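Below you'll find a set of structures to go through.
Shared chain: subunit A. Partners: subunit B in the first complex, subunit C in the second.
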Partner chain A sequence: MMQTITCECGHSNPYGTSLCQACGKPLTQDVEVLSSMRYEGSARRSQTYNKTFVDHVWNFFSSVKVGVWLIVIILVAAAIGTIFPQETFIPPNVDPATHYESEYGTLGLIYYLLGFHNLYGSWWFIILLGMLGLSIIVASLDRGIPLYKALKQQRVTRHDQFMKNQRLFSVSKDVEMEEVKYTLESLRYKVREENGNIFAEKGRFSRWGAYVNHVGLIIFLTGAMLRFFPGMYVDDILWVREGEKASIPGTATDEGQYYLENNEFILEMYDKEEKKFNSALSSVDGEVAKNYQSNVTLYKTKPDHTVGEDPELVKVKDGEIRVNEPFKFDSFALYQTDFKLNEFYKMSFELEEKESGKKFGKLTVDLHDPKQEYDLGNGYKVKIEEYFPNFILDEQNEPSTVNNLPDNPAFVFSMYSPETPKGEKAFVGIQKNIESGENQFKMSFAGIETKDLTALTVRKDHTLWIIALGGLIFMIGVTQGLYWNYRRIWIKQNQDEVWAAAHTNKNWYGLKKDVEFLSNKTSLIPLEEKE
Partner chain B sequence: MAEISSTLLYSAFIIYLFSTLFFAMSISDKKNKDAAHTKKWGKVGFISSCIGFVSQVGYFITRWMASGHAPVSNLFEFTTFFGMMMVLAFIILYAIYRTNGLGVFAMPVALLVIAYASMFPRDISPLIPALQSDWLKIHVTTAALGEGILAISFVSGLIYLIRTVDQSVSSKKTMWLEIILYSLISVVGFIVVSLAFKGAGYQSAFEIMNDQNQPVKIVYEMPVIAGPADGKQLDDSFGPLFSTPSWMNGVNASIKLNTFIWSLLSGVILYGLLRLILRKRISAALQTKVNMNSDLLDEISYRAVAIGFPIFTLGALIFAMIWAQQAWSRFWGWDPKEVWALITFLFYAAYLHLRLSRGWHGEKSAWLCVLGFWIITFNLIAVNLVLVGLHSYA
Partner chain C sequence: MKKKRLWFRSALLAILVLAIGYTIYNSIYEESGTYISKGDSAPNFVLTDLDGNQVELEDYRGKGVFLNFWGTWCKPCEREMPFMQRQYEKYKEQGVEILAVNVSETNVSVKNFADRYRLSFPIPLDKQREVTKAYGIGPIPTTILIDKNGKVVDRTSDSLSEEKIISFMEKIKP
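Up next, the complex of A and B:
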């Protein structure tokens, strides 16, 4: 099985070789030189073995046809994913199961049922990417290694059959070899000589371009997959009110936990009067935002603090966060992502006697942390029986709350006075005041305080440098392979004739210009092209 | 400054027009087919393209000075820049291959792109926070350069097809070739109708409900064929003949659809007129005019992909990812515009791999280059106008 083939030039080639790796002689009758040139007629595993299961898998993934199909299938799938918005782009509070149908009709329903609304995260899409990666690896190993060996082993003197069958070829007489050598060198070819024969090559490194870029792609894909490993990646959102501190999720270590204080949130709009943008701004309805910015201070706890207790904070640094200008510390970055202006913060009420309009004291409720009882003195007090930060009537028509955000606060108060020691109940919300029976007192609205909030994305990504490295290597590889090419010219003295042949892996136009220049400058007969 | 800028753009446009004519002269004169004639007019054409390009660079710089940011931030600016990069790509490839015929087709396509761009609002607009980044200009300019070079592979591929597809019988191939030419003519149609109705001051207003369910007024500037999905016409002008399907997104969806229909209709009329005048398929008429070496055309179109692909990848994917990482905290988010850049990348990767086997050189390659350009323009235009996402300028 593994026997080697020894060529008449004495070189011993591995089983499966079609052109002698040293002199280029076809090793069997039916070998076509030109079409074997892509990989120098070297012994590629996929062209040599076809017996075992492993052989079949290897041959499948090493095929360029399969590779192109994989690329095309991924391309088509990616396109399908853009027909309707992906799940991550639909409004957060709707149910995808009904949203796609109600928004896009039957096609939308089919889209949803086939799982296309979450296409890029689907198992089959990931598997396709995996197969693509595997195919790139197998195809590259299958060709790259033998190709490397072949180019290293090639000799100056080539077999007649090899020369004759090249696409560019000519036979001359009386050629001044020194002149040829000199001209080739002036074209920046690297020239080697052996027994009066010449081998000139240029840009061999470009032959590795495809392999380098494939390595880059594999590193990139690997980096993208590492995301799924714990610890490599943090992605959280942090809401902080102006003037408050919050612990930053994902940043707890033995050395302590980071906290962030929001000193101020700034929203700036473009001035409609500004002359430069006048005509553009006057054609839009609302205002156009100019800047979203949070001014923050970063703190850290002492290393030995215990969770839960009010931690002692040490200031680390101040910073400004804008869109496009994240705030960085350790391996984390905070991004300006969202904001909310004028969130309700404190609400004030007065206890009022309805008939006389007389007031018996004021209370201010912190909407994030309401007290149970507010003592107004002189026997007057108010209890909060129930609190609904974001009031809604649920399906049973019972009062309830959507979430903990005080967007629509409502209360059930009990009001106590010396005249009403048992207490009177009232339901109070924004523009609502409902009593259970006829009350003597009421809670009258006495003002509201608001605050701005900023939302920051907390991100740690240890995969970034791997991905960046992959991208860099890919770019080096494509440039190397596509902006340069590997040109070779052989000149061989055959008795009283001089044979010349030339080959390139691409850009024949450039090679032809080289050999034209060569025959103009020397007595070499112009190389002729055969199809 | 803003005025100087528009003047420079205008003169670039006129100069490009002339260089197209010069290139046409260089290949068309029958009596005077000698090399000197071709060479002379080719040279004039090339030099005038370069002058036009310099003028357009002048437009770019002065507009930058006027607005304070790189003028690649709205559809007008970006599309104009894309046209400019096409001219640059043509200049590079002409310098390598010296083929006048390429100029006859490349310059008009670039002209078409620039004229198309100027149909969008040309006001200097302020940058929203997400666009305030140096990576914006780096990403957009590099991507546009890559696309400009890839566009030349389309031009060259198109000439290849015009040159080689058998015109003696009507076939699927001749039909597709006519469809491609018809699409280009429709762009002309779009420009003509837009200018005509704008000149006449045509308007028709509707009141519709926006996404927040508030009434807003929208104004058509062409007679209304496709009305809004659910709207009330505020005047008694023409139409609408039917209403836009409700799944099309955005308040302006119906206006865009209406404009699109007008472009196609005017394209039909222009195309029909041309057919009447020529009395044969347009590609058949063109075939008699071009006599370039088809191997050279194939080589140019491949070379354009080889040069354009790495630049496109760098600009449209790598720089885009760096910017996205900074602006949105993630380098990739499967936004439609991102996905279509990836599709373009994958498409040209497939093209390069197919060319590894011999059977795909020549005609098949040329069809692929046409398809590739379709993907690029789809991403430039349709994704912004039709699909929703972060990148929609409009």
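Up next, the complex of A and C:
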């Protein structure tokens, strides 16, 4: 059996209680009544005994000090996480392991090794959040339950010592109790009577604000945690060229994989000449965007689609994506996020005899799929010996390519004609034409076609409503605790005297107005603040 | 009463530890996308190679597969290619295949490259990067070693020396 303390009023209190939960009498000599009022002098459950390992862990997390330290540590970690960019924001196709070191030196390497580059996903940050969640739950249970019990068990008649030690107190004579009761009720207090004594209370529910708030936080953290669970959350990016199809990341299921075709990307600007916008736009340099839009078609593969194989696509639907107007299917949404205009797509050249300027046919090179050889007829042909989509001279001064994007295309062509059957070589790039020796022919530039790319965010979020609900409950709790307060007034008949005491958990000004009103309306001596 | 409280506390702590543990497990798993590593079974794929043949990973069951992801513009990839070609010729009879998946480049670039280094192993072309994504490939070159049962034995993003390639071949030799 647990040890209990029985008060002289007959109530039996749990071990560790400082004020009797029924009459409020201090149970030990050294109890400070007023400061014990925060939790009604009830025993924090953790402080009662320290036995098993589980209890030790529990007591650790029950401490508000520990909770505050956890918050501080999390805040500091989150702040450090903003010093260098997060992994999401570093260029794609670079290895984070080397990127942070090469970009930011030793500090960058440490940053990376400690997981600050992907803070919200790093194991120790998740552990910290988990510990904070545990601290919130344990601390709330340890305080909330005893507080609830104490407030529920409180009696009308309070011990003299409890009354005398309240911040607001007075002693009167000849008081009409009915009048007091009536006045308190007119102030919308809930009044209880016992042996001619009165206990009036108002706004008890505001004491639950902190606990409601904590429930909201726990729901919020649970929602955040669920984002890591499979199938709950997708946040990815998809680049698609006009006229091309791409598989949508994160959308593969047993029923197949979704593909998206970009039919057209549209960028519209406001017309400065137009009267309607004229005055508003006159102060702006350059153009102002009016619309970013992707016209797309959604496809789905057969269920037995193997990764990489040419998909057998079935059209699902067409759609238009604008900023803030996503394209939705199943539980996915595609948002317009970014674009790239005028990526080189096709380059045209003409085979030209240098001296005469005569042309012997035109060829168009698809920069994403060039042919090896272009036959121009009549014995004229052009071969591509080398293709550099994004031309650069490497460390050995050899022509090379940075990557596979055709941002700066360059070629080594071999030109064949009946007069030059062995072929003549030339290096041709943008504004570059280098010949190997003295050539009879050259490739003259004859135009370029471009394409736009659209970037879409692929988003699926089954956790948002949980997070929103948590946030709502959190706010309800905050409101409950901040805009209301728990006011209590005790009136006790002591032989021929009438003792009055009052307490509130906050807003003493409001309570003082209430007792002032009460003493004005009745013969009660005004309650005075103790020094 | 005391016992009940201990049970309650233990249960609550256990639930929280499990929830946090599972979250961390998922975060590590998710961070790498579908990061295929040691011990996983290698996801099947079908790609067209440079010669126009369909290459399906499952067809190589019973053989060791040296699965290499590369690009012509990547210097470390270029360095290891001649070593791979030489060892391919030695280990082909011993049941080890090389599949050198090119990451989204044009046939012309890849063909010129393959001709220059006289590469004879199949070069599947991953134009849509689907296989690259399915294997969670970040930087290239990345080499994945698959044994005769389709299990991943090792994965590395190092530029390989010839000795390293030999030791890899020995590892997956059936």
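The rule is simple: the second predicted complex is superposed on the first by the 352 of 531 C-alpha atoms of A that agree within 3 Å, B and C clash if a C-alpha of one lies under 4 Å from a C-alpha of the other, contacts with A are read in each partner's own complex, and residues count from 1 in each chain.
The working rule: a residue touches a chain if its C-beta (ideal position, glycine included) is under 8 Å from a C-beta of that chain, and two chains touch if they have at least 3 such contacts.
Note that the coordinates shown come from a computational prediction; the quantities given were computed from them, not determined experimentally.
J.: Contact-wise, after the overlay, does A:64 reach subunit B, subunit C, both or neither (first, second, both, neither)?
T.: The first partner, subunit B, only.
J.: Considering only touches as defined above, state whether A:400 meets subunit B (first), subunit C (second), both or neither.
T.: second
J.: Which of the two partners, first being subunit B and second being subunit C, lies in contact with A:229: first, second, both, or neither?
T.: Only subunit C is touched by A:229; subunit B is not.
J.: According to the stated criteria, A:127 is in contact with first (subunit B), second (subunit C), both, or neither; which is it?
T.: Second partner only.
J.: Does subunit B (first) or subunit C (second) touch A:379, or do both, or does neither?
T.: After superposing on A, A:379 lies clear of both subunit B and subunit C.
J.: Name the contact category of A:447: first (subunit B only), second (subunit C only), both, or neither.
T.: Neither: A:447 stays clear of subunit B and subunit C.
J.: Within their complex, state which residues of subunit B touch subunit A.
T.: Against subunit A, subunit B makes touches at 66-68, 97, 121, 123-126, 128-130, 132-133, 216, 247, 296, 299, 303, 306-307, 309-310, 313-314, 318, 321, 325-331, 333-336, 339-340, 342-343, 346-347, 349-350, 353-354, 356-358, 383, 387-389.
J.: What residues of subunit C sit close enough to touch subunit A in their complex?
T.: 1-2, 6, 9-10, 12-13, 16, 19-20, 22-24, 26-28, 30-31, 43-48, 54, 56, 71-73, 75, 103-109, 111-112, 124, 126, 128, 130-131, 133-134, 138-139, 157
J.: Per the contact definition, I'd like the list of subunit A residues that touch subunit C in the complex.
T.: Spelled out, the residues of subunit A in touch with subunit C are 1-2, 52, 54-55, 57-58, 93-95, 118, 121-123, 126-127, 130, 133-134, 137-138, 225, 228-230, 246-247, 249, 306-310, 367-372, 384-387, 389-390, 394, 400-404.
J.: Using the touch definition up top, name the residues of subunit A that touch subunit B in the complex.
T.: 35, 38, 64, 67-68, 71-72, 74-75, 78-79, 81-82, 85-86, 88-89, 103-105, 108, 120, 235, 270, 274, 276-277, 279-281, 283, 285, 288-292, 322-326, 333, 335-337, 457, 459, 464, 467, 471, 474-475, 478-479, 482-483, 506-509
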